[in-house]
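Dropping the structures in below, format is structure tokens.
Common to both upcoming complexes is chain A, partnered first by chain B, then by chain C.
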Partner chain A sequence: MSTLRMRLRAAGAAAAIGLKDKLAYRINFGGTMLTYALFVFVFSRIWASSLGDSSIAGYNYSMMVWYFIVAEIPLFALGRFFWTLSRDMKSGQVAYQLSRPYDFVAYQFWERIGSALPDLLILMLEGLLIGLLLTGGFPPALAAVGPPDIAAASTGLAGTAAAATGVAAWLRLLFVPLSLLLSGIVNFYLQFALSMTAFWLEENEAFFWIFQKIALVVGTLLPIEFLPEAAQRIVVWTPFPYIAYAPARIMTAFELSGALRLIAGQLLWAVIGLALARLVFRAGSRKIAVNGG
Partner chain B sequence: MITEKKKQTTLRRNSLGSYLRFMAMAFRINVKSVLEYRVNFMLQFFGMMLNNAAFAAFWAVLIERTGGVGGYGFADIMFVWGFVSSGFGLAHIVFGNIRGLSRIAIEGGLDVYLLQPKDPWLNLLASRTIVSAWGDFVYGFIIMLLLPGIGIERWLIFLSLLVPSALLFSAIFSAAESLCFFMGNSSSISSAISEFLLTFSLYPEGVHAGWYKWILYSLIPSAYIAFVPLHVFQSLSWPLVPLLWGIAIVYILLARLLFRQGLRRYESGNRMDARI
Partner chain C sequence: MSVIQVQQLSKQFRTRVSSQQKTAWLTKLFRPQYRSIDAVKQVSFSVEEGEVVAFLGPNGAGKSTTIKMLTGILQPSGGSSTVLGFDPAKQRRQLAWQIGSVFGQRSQLWFHLPPADSFRLLGAIYELEPSVLARRTAELVERFALQDYFDVAVRKLSLGQRIRCEIAASLLHKPRLLFLDEPTIGLDVVARREIRSLLSELNSVEKVTVFITSHDMGDIAKVCKRAIIIHHGEVVVDESMKDLKHRALAKKYVGVRYQEPVQFSTGGLQPLKATDRSASFEIDTRQHSLPELVRRLSGLGELEDITIEDEPLENVIADIYAARSEQAARNVTAGGRAKDAAAKSAGSGKEAAGADNGRTTGSGESQAAGGLS
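Up next is the complex of A and B:
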């Protein structure tokens, strides 16, 4: 069997383990869904109260609600890899895994992503429902999203054009899950690198807290266009806009070149994150000492 | 004669003074155990302050753009966040088990508290402290120091309302956790109630619509934890201070009553535990 096929099979098996583990404890996710809904609701009230019919930095009420709905998904579904990774490191579980015949970083990646997929899917559907209830429709750039109007399409050129617009809107909407997935990948590798500092430091949560809070302010609670200009110029060079801002911006103000630029940025940070994760892991794993047991 | 003597001894043992001594002792032991792990303590302490500071940055940016949210300016928001953080922190410092009550009951861990002479509800709640809560507690004081124009009277109002706020948090968290006696594993609903209370308390009253605002004055009393204290703080309405104390005492007594009702349904877990 070729190496590539073996690697793919190992990746599939790791993702299936993560997925099965998640589905076995699916009731636990009810609390997360409720908290997510609560946050979206409270922030929708904040935007209703502070924006009314006006807009800030090009965002009106409906756009801000959709922005928040999408920006919160990486936090709730893809933002907690650090804790389980760090726990495995501190409990010594990592020592058992290192001796197994697979690539440790790749295995961890597929297992965690497999485990996060149901959360991602559920929160996307929940967010879609809440967004439609709160705003009554999609944001302007995706407003044509809806069931394809076959009857209209058969009535002539105008109908065909309308149907084509609908299809194009659906295709644009697909950028959102793609960007969310890339956000999960960036999030995973950066959190992996942070959790691997446990090779050197027993208490490494502080790094994650700082990372999490910067991610919260830069792009999760507010679009980066809200930040002062000097701060905007700095943050575009960091990975933070590619965690929550990218998918949320694509959802609220879709524009093809902008969306492609954001996706390219996410891919770049995924590669940088992977390199960083491998580097920290390689350096750290030399320090491991297994004393029988 | 012997029974009468026993009664008197029990009364003396369970007087208010003895409970205050008991709470002080539990607090001292909890602090000692926390300080055994100094690095962890400092990390959680500053981590929680960092968490609150991140939200302060959010409000600063938003209010800079909008001028105000729900009738609150930046100073109002900061007071609410500081005050609620300190109340929430105080509740978790003194009653560290308020959010672990249902887990302890479900695992059969209540037996050890039932066998001791003190009130099992108070004993259970006070037998632990939450490390990160110290960061929350101190955050309010830092905010008060940073807010401009805070005189001695406003400091006194802040301090006098902290205990009712902590009591209200404790009452609702404890009541939510006590639902496990009636519903079995109620962790989802308990954590949702706790999350609702905290979230609604931290955001301006003006953003909430009238149709559900009554809930914030009854089942999820964010009004008495944040909105009314802000009003008292702004207008120096001292008559409302004893009223808030009264409301907090009613809530905490109701929470204890709910626990005691639930305790009747508790079955021993036959677990071997020891508390020294």
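Up next is the complex of A and C:
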């Protein structure tokens, strides 16, 4: 077999074992699904009472619910890489992982993505179901109706608009999972880089708390459009909009060029994240002090 | 051919120290204080192909640190090492193809999945062709007798079963050199014996060089042909098992039991422990004649039983550890009380080493028990 095929097989095996391990204790899915549903429901009530029939920054109630449904998925399904990585570092398990001939960063990536996949799929389906129940339909595509006048579209005004909405719905079904996957990749590399600071520091959780809190405010709980304009201008240069905001925005207000722009941004940050992860790992593995015995 | 060559290898760790003063949190924040610890100090040795070498030392002696430097996980602070022709510090990944390692206190198997899954993953990682992997797995499953639990989740296995799987897994890619860091820790007598015979078999069948750290003297005596002892980061003994055992031959333990009560105090005999009918003696054969002792003992009364035993290897090694601890202590005080310390060394030193083994070999009583058993 060629080297490339061998590498792909190793990547596949890593993803497969991560997935199998996740499926080995299925009871956890119940917990994740329940918390997710609870979160979405509570926030949908908040938006229902605060928005009513009005809208803020172009988001009405239905859009806000869909936004929240998608934006929470990176947090619930793809937001825990840091903990498992840090745990392996602190327990000294990394001693085994470092004595393998593989590319450490790549191996970790495939294994963790594999283990995140079941959560991602389940929450996407659950989110779809909850969203339909709460809002009674998909949010309209911006291309068809133009923001933020949604009322016209829901009454089904023109044939062309309806057709465009149909196409947009299909594209959206393609783009949202893709964007979520990319969000997981960006999230992984950034959290990997953060967790590798354990090579230098005994306790590095503070970094992650800060990272997570910023991610929560920027894009997860609130769309970027809700931020003051000055803040918006700053955050577009950070990776945070490309974690939760990108897939959620594509879902709530689909528009082809906007979606492509967001996907491109995610790709860019995936590459930057990968470079950063490799850099931190290379520097850190020279400083390593493996805990215990 | 040398498989491992180590020259003047050193490792220093820098740890943060916090003072006991009330303002410690403040000084810690602005002026952290560090203390450097020499975990490994200029260690040199070499291991030849096909050898089974025991790497011994009390806890904290630097054994694991050395292994981690030899596998490329830790960067040395000084000195150099060559493992299978590679420099582990710079060629960790190239080296990884040819070595296997088992850390007894950690696991390379997936806890919630059967060993079969972990083997499949390792096969892919070491880029074994599927057919090769299948053949090799079958071979190892048979040799290590894993058939019954190869598809049972690792969390349901006993420690002995798990360690068998761990060692088998580390051999999947046919490494030329195997590092075992305390492979029998926590195992019961039967499981230990099985692992030992597997290791011996492995060495003769697969021709793999084995570098093993252990606190279990049984492992060492049965499996290894050579022992390197390090203490406080320095090599203190590097000799064949035969020579090491020879040290044990100088001291004998003699146990006697009589049919009727006898007086041991007559004739200048000093038993380690005595009842009215039995006693045990320790004798240094370089100074006293063993036949002479036996003659005198049989003259005391009608013997019911007599046992003569070598000093257990455990005690020999404990003595070596203790001697080094004393020497280190002397170097620190640097006073003219060397004589004093030497006189005490036998007692206090053994206590320290005994504690390390989790047993009390320190007192005369347990030695006597060894002699009588």
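As a working rule, the second predicted complex is superposed on the first by the 261 of 293 C-alpha atoms of A that agree within 3 Å, B and C clash if a C-alpha of one lies under 4 Å from a C-alpha of the other, contacts with A are read in each partner's own complex, and residues count from 1 in each chain.
Just so it is clear, a residue touches a chain if its C-beta (ideal position, glycine included) is under 8 Å from a C-beta of that chain, and two chains touch if they have at least 3 such contacts.
Keep in mind it's a predicted model, so treat the numbers as computed, not measured.
Engineer: Give one word, clash or fit, describing how chain B and chain C relate on chain A after superposing.
Structural biologist: Superposition result for chain B and chain C: fit.
Engineer: May I ask you to decide whether A:170 touches chain B, chain C, both, or neither, giving the answer as first, second, both or neither?
Structural biologist: Touch partners of A:170: none, neither chain B nor chain C.
Engineer: For A:226 in the superposed arrangement: first (chain B), second (chain C), both or neither?
Structural biologist: first
Engineer: Taking the superposition on A as described, I'd like to know which of chain B and chain C A:31 touches: first, second, both or neither.
Structural biologist: So A:31 only meets chain B here.
Engineer: A:199 contacts which: chain B (first), chain C (second), both, neither?
Structural biologist: neither
Engineer: To be precise, I mean the smallest distance between any C-alpha of chain B and any C-alpha of chain C in the superposed model; what is it in Å?
Structural biologist: 8
Engineer: Under the contact definition given at the top, report the residues of chain A touching chain B in one complex and chain C in the other.
Structural biologist: Touching chain B in the first complex and chain C in the second, no residue of chain A appears in both lists.
Engineer: Can you tell me which positions in chain B touch chain A when the two form their complex?
Structural biologist: The touching residues are 39-40, 43-44, 46-47, 50-51, 53-55, 57-58, 61-62, 65-66, 68-70, 187-188, 191-192, 195-196, 199-200, 203-204, 206-209.
Engineer: Residues of chain A touching chain B in their complex?
Structural biologist: Spelled out, the residues of chain A in touch with chain B are 27-28, 30-31, 34-35, 38-39, 42, 45-46, 48-51, 56-57, 202-203, 205-206, 209-210, 213-214, 216-217, 221-222, 226-228.
Engineer: Please name which positions on chain C make contact with chain A in the complex.
Structural biologist: Residues 13, 64, 68, 71-75, 92-94, 96-97, 99, 101, 103, 105-106, 108, 110, 112-113, 117-118, 120-121, 123-127, 129, 153, 181-182 of chain C touch chain A in their complex.
Engineer: Considering the complex alone, what residue numbers of chain A touch chain C?
Structural biologist: Those residues of chain A that touch chain C are 1, 6, 9-10, 12-14, 16-17, 20-21, 24-25, 91-93, 95-96, 98-102, 107, 286-290, 292-293.
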